[in-house]
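Following this line, the structures themselves.
In the two assemblies presented below, chain A is common to both, partnered first by chain B and then by chain C.
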Partner chain A sequence: MSVDAHREAASGGLWSRMSLGRKQVIWAWGFLAVPLLFYAVIRFWPTFQAFYLSATDWSLMRPAAFVGLENYKRLFADPLFWQVFRNTFMYLILGTPISLLISFVVAYYLDRVRFMHSFIRALYFLPFLTTAAAMAWVWRWFYQPVPIGVINDILSSFGIPQQPFLRSTSQALPAVLAPAVWAGLGFQIIIFLAGLRAIPVTYYEAARIDGLSEGAILRRITIPLLKPTLVFLVVFSSIGFLRIFDQVYNINTNDPGGPLNSTKPLVLMIYQTAFSSYEMGYAAAQTVVLFLILLVISLVQLRLMRDR
Partner chain B sequence: MRFRHLLASVAISFATLAASGAKAVEIEYWQYVFDTRVKAMNQLIAKFQEANPDIKVKQTTFPYADYQTKVAAAILAGQGPDVVQLFYGWTDNFIAGKMIRPLRAEAFPAADIERDFFPIVSAMKRGNDYYGLPTAVRSLALFYNKKAFKDAGLDPNNPPKTLDELVAAAEKTTKRDGSGNIVSAGITLDMAGQDHHWWREVLVRQFDGAPYTNDDTKVAYNDEAGLKALTFYTDLQKKHKVGQVGFMDEGQAAFRAGLAAMTIDGTFRLGSFNTIKGFEWGVTELPANAEGVRSNYASYFANAITTKAEGEKLAAAEKFLAYVSSPEAMKIWLEVVGELPARRTAALTPENIGHPVYGPFLKGLEYAHTTQFKDEAAQRQAAMDMVNRVLIQGEEPKASLAKAAEDEQAIIDRAKR
Partner chain C sequence: MATIELNGLIKRYGQTTVVHGIDLSIQDGEFVVLVGPSGCGKSTTLRMIAGLEEISGGEIRIGGRVVNDFQPKDRNIAMVFQNYAIYPHMTVADNIAFGLYRSKLSKSQKRQRVEQVAEMLGLSQLLERRPSALSGGQRQRVAIGRAMVRDPAAFLFDEPLSNLDAQLRTQMRIEIKRLHHRLGTTSVFVTHDQVEAMTMADRIVVMRDGRILQVGTPLELYEKPIDVFTARFIGSPTMNLLPARLRDGGADLAVGGSVQVPSASATTSDILVGARPQDLVPTAAGSQGLTVSGTVAVVETLGSETLVYIESAGQTVIGSAPGRQIPRIGDHLTLHAPLERLYYFDKVTEKALAAQ
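Let's look at the complex of A and B:
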């Protein structure tokens, strides 16, 4: 007992002898340790393990054997991989500019609307709150042929031939992309609105006094000052489109990524390789490739859009 | 509903715990969640425990989507079930992973199995060993909408018996709008559903071919028969225009909604179709070809004993497996789940054969085949893509067939390694 008391006094002594700054550092690290540990164990460790797995032929049922770069060789020789690679970039190349353009235009005009401003904003934000799976199912029915597909019903009532949409290799990808763009709009509009509000009003007043046209104000003041917002949204939505999955999977659950793989993104290929064919090693190799693509794209975008 | 099951099973396990005392051997049984299957198994467990007071069976269930992953992860970690339910097509994987053990010949003699069960049970045999036994099996049949038949001037009690009659009935029952769009299909075309089985094990054989050779390790349909079978199937949409892939999203949905006069589906769809209120439907055997040749595809979930079961648990697991594959268990399974008994004597009773719904499915079992899938999802995808290339991209059936054969052979070869 006396030993315990002594030890307590000693540790208390050590603590009380520390400077305030050092105590703050210890406290800070104490709190930081929890998320750091979490990230290390739950995120980083499995990430590194994926690199190792990608060099094995582990198949869940069978023990793993080291195969070197065999998985990567198979991947780069697989025509499906290249098609999926193209699809993934189609989602990015179509999705990011279209969604940013629409959300900027909406935000730009919504910013000037006073009448029911919050209500309209809430309406735009609503799809973002909806579960992607539920939304994909609703759109899946929109795209059906007559007699149940709403879009085709409208087309044929105007005498326009019905479109195959999800049953076509050329129309399916844009058809899957549309709800994904629509769902992300709300979030992007809110961020754009915040960016627009952050621009000091005095700049606009000065420009108007100098007689600048609205177009010139948009080009010279609004867009340059929105650059940080834009960088954030471009990176954010690019990553989102590069790892698109739930919309694609749910809009065509009978033939995920179909027809004929025309809508299959890389993430869906990874999922099917891992959890349908149980080729974990091969799936890990695909994951590593996706990781590298995401890394390179993010770095390039940050570099391009950095202030000069 | 599910909560009530939970309560029931908890009550049952408490009752047996009290009755059997501390000496009982406890074994675990795993299957995937499906309301009626869980209910049937609870009844079987209760009866089994009554007869074997020294054994306690604990049932654990998982959603189907992660069932296989969880079973594999648990057994490899030395946990998990003593008796496990598995799809016959997973057997190779489960054996390769050393997850299930061969049934001891003393407890389950092969000669008895082959005498008593339908021949499709051979899909559980590797070498001289059986690795599991089914309680129930499923086969395919042609469902038809009696109201649609009557409206089209066809006899609702005389469904098509041959492929030619099938096409003729489909042509009569198809309804189109002014621009020629189908608004009600004659027959559903849904390769993602059961049609890939119909094509592979039925149509290919009816056109004098064989889908595979060498124990289903060599794709053999890339020939004249396969081409005829594929052309027959794709012509339903291209030439006869009596169906459309993707119409109403899924074949079963179209039939349920009364917007398709015929669909090919399995016993497992009975539960869903039994709730149809809008029209009366009938079931008939899959149509024969002109020479009268019939075929069918049968599949099943089997129960197997895992490598985890040892000593007294192994003995208890064997007793339990014997009980759930007994005629009595099959009768309960048929009543509760609606799946057909796997033993001939339990299945082919005069009452079952004369049954308007079970009858056609049972007749199908006599000449049914089971495909030894290596990777069912991937092999199904190969068949779907084959049809899509013809119907969407306008590719020649011959070229598409050759590509499908090549793709599927690659899938099989990779799984064999």
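Let's look at the complex of A and C:
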């Protein structure tokens, strides 16, 4: 739109009379206009549409009628919502620290390994490239009873009783979380490795001359200098766990959400409300709640971890 | 404070030997500069003294103790790195205090020591700042402060001035030298810059290809280089080396003319006659000296003097003229150097025949 206007101006000789700075600004806005337009139409408009829908009772079949905060009232009164809310936070509270701890430890030691370094790194990255559906199937088999399930095979060889895993209300959520953590590990390791590589070697050498032990170097130099990497990964992986869906959906295809909804996260609830019950307005309200949770948690994390 | 002795020091990386059995004895309180082109093994040698590189052979003694298998922290040395290695997430005071990490001093004593060092380096106003708020020179001073605060047996400097701009480098050079005079701590300084070596060192160690070529005071190296490499490396601009052929009592220069050669024991009759640009001037010299004439190709005006590049028989010879007498390009110019300022080298072995 604005681009055309400028083109016309250019042919009129106005373009040649403009200052260099002004021309640069026009070019910049010209290029920015394309993604801006795209985002406005594809992203922002549907987002605002969702806010509006959350205040209606739209169900695909009949036109939407405005119901105010009715959907939200219903949601907060729904025991399933609170169960799902708890599950989602369990994914977050367990998943983020565990995955970050494992990936940091792996990256910290892998950084020192010269032997087949790239190969090992590639091995860790492989799950990240695999589709969640395939991965979920493999893990589903892992969790089966003897003789199919590898994990129960190993347990029984040690004389430990069979575990129900996915069929238990208490074990199902950690059992679903494990492949999710495993799948994200490769990415986090790569980012940690890049962060570790960015720390100049002389920092460590100076510390060794000053007499710091390995532990003190890790605590006083490596971790503080990794803070930007850490902030990024905490926020990134938190969002990932709050939005967890495909791992959960695929590992229990016949019964998505696990026994008694013990593994059901918020996104799965939204999916089922929208595409099984066709209650679009209600689903939109759930989406808005998820959006607010993500926003608040990300902002709080950024706030807490920002540099002084 | 301590002496440092290297005996037959060797460093190998797999099959490649990068330091070939170095012997060097550094006196207590001495300021020694290791200088040489990149890859000559000077930094590796320094890092072996620090304990950051393992030793493949030989022995290092600091203060008489063999420290071959000591951890860096147990050698009581302090090191200043090229990129300063000061921690961006700590204040200046914390960075300096890091040097006292292992000391048994109380917190207030440490604080006092840090303030004392900061005072000495003019950092008192900056103690609560972060390194990102400091200039390059100030950062380097913080790094020196961290090294000083512990009162180590020796300072090791690994090209500490290379990241600074020319003006700051000159200033820091003077500051480090002044500091050394004040503290009198044994110091080993690595650089590839011969000007730094000449201006700072009590003794210079010239290295090439993992070997020591020559050790001596700056003036000794300047006056009596033992081979062509040292002769060309020390002094700026580089010494002129003119091929010549020995004959009875003298030598015929390839650029024309002849010079007297005092006593010669060359392996062949081919020699190189050396003359520093500062000694090669357009005033008439005695008949015994070196005389070169040619056309002026390039003139570099420095103010204090003027460097003149003349072309003579296909060779470029650098001479110098007084600052205010600037020859014109294309002029014919004759340069002279007195006999006692000439250097003679064997062309084959590149060793000095007899200096002066």
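What we mean here is this: the second predicted complex is superposed on the first by the 297 of 308 C-alpha atoms of A that agree within 3 Å, B and C clash if a C-alpha of one lies under 4 Å from a C-alpha of the other, contacts with A are read in each partner's own complex, and residues count from 1 in each chain.
What we mean here is this: a residue touches a chain if its C-beta (ideal position, glycine included) is under 8 Å from a C-beta of that chain, and two chains touch if they have at least 3 such contacts.
Quick caveat, the model's predicted, so the values are computed rather than measured.
Per the definitions stated earlier, placing chain B and chain C onto a shared chain A by superposition produces no clash, and the two fit side by side. Once the two structures are overlaid, the count of chain A residues touched is higher for B than for its counterpart among chain B and chain C. Of the two partner chains, chain C is the only one touched by A:D210; chain B is not. The three-chain arrangement built by superposing both structures on chain A places chain B and chain C 150° apart around the Cα centre of chain A, to the nearest 10.
In the superposition on chain A, A:V105 contacts neither chain B nor chain C. Legend: residue contacts after superposition of the two complexes on their common chain; A:P200 is shown touching chain C, with no touch to chain B.
Contact with neither chain B nor chain C is seen for A:L126 once the two complexes are overlaid on the shared chain. When the two complexes are overlaid on their common chain A, residue A:W141 makes contact with chain B while staying clear of chain C. By the document's definition of touching, of the two partners only chain C reaches A:P224; chain B does not. The overlay of the two complexes leaves chain B and chain C separated by a minimum Cα distance of 53 Å. Those residues of chain A whose C-beta lies close enough to touch chain B in the complex are 60-62, 140-141, 144-148, 156, 159, 161-162, 164, 166-169, 254-255, 258-261, 272, 275-278.
For chain A in complex with chain C, the touching residues are 200, 202-203, 205-212, 216, 221, 224-225, 227. Interface residues of chain C facing chain A in the complex, by the touch rule stated above, are 50-52, 71-73, 77-79, 81-83, 85, 87-89, 98-99, 101-102, 146, 150. Chain B makes touch with chain A in their complex at residues 68-69, 72-73, 93-94, 96-97, 99, 177, 179, 181-183, 190, 192-193, 244-250, 259, 375, 377-378, 381, 384-385, 388-389, 392-393.
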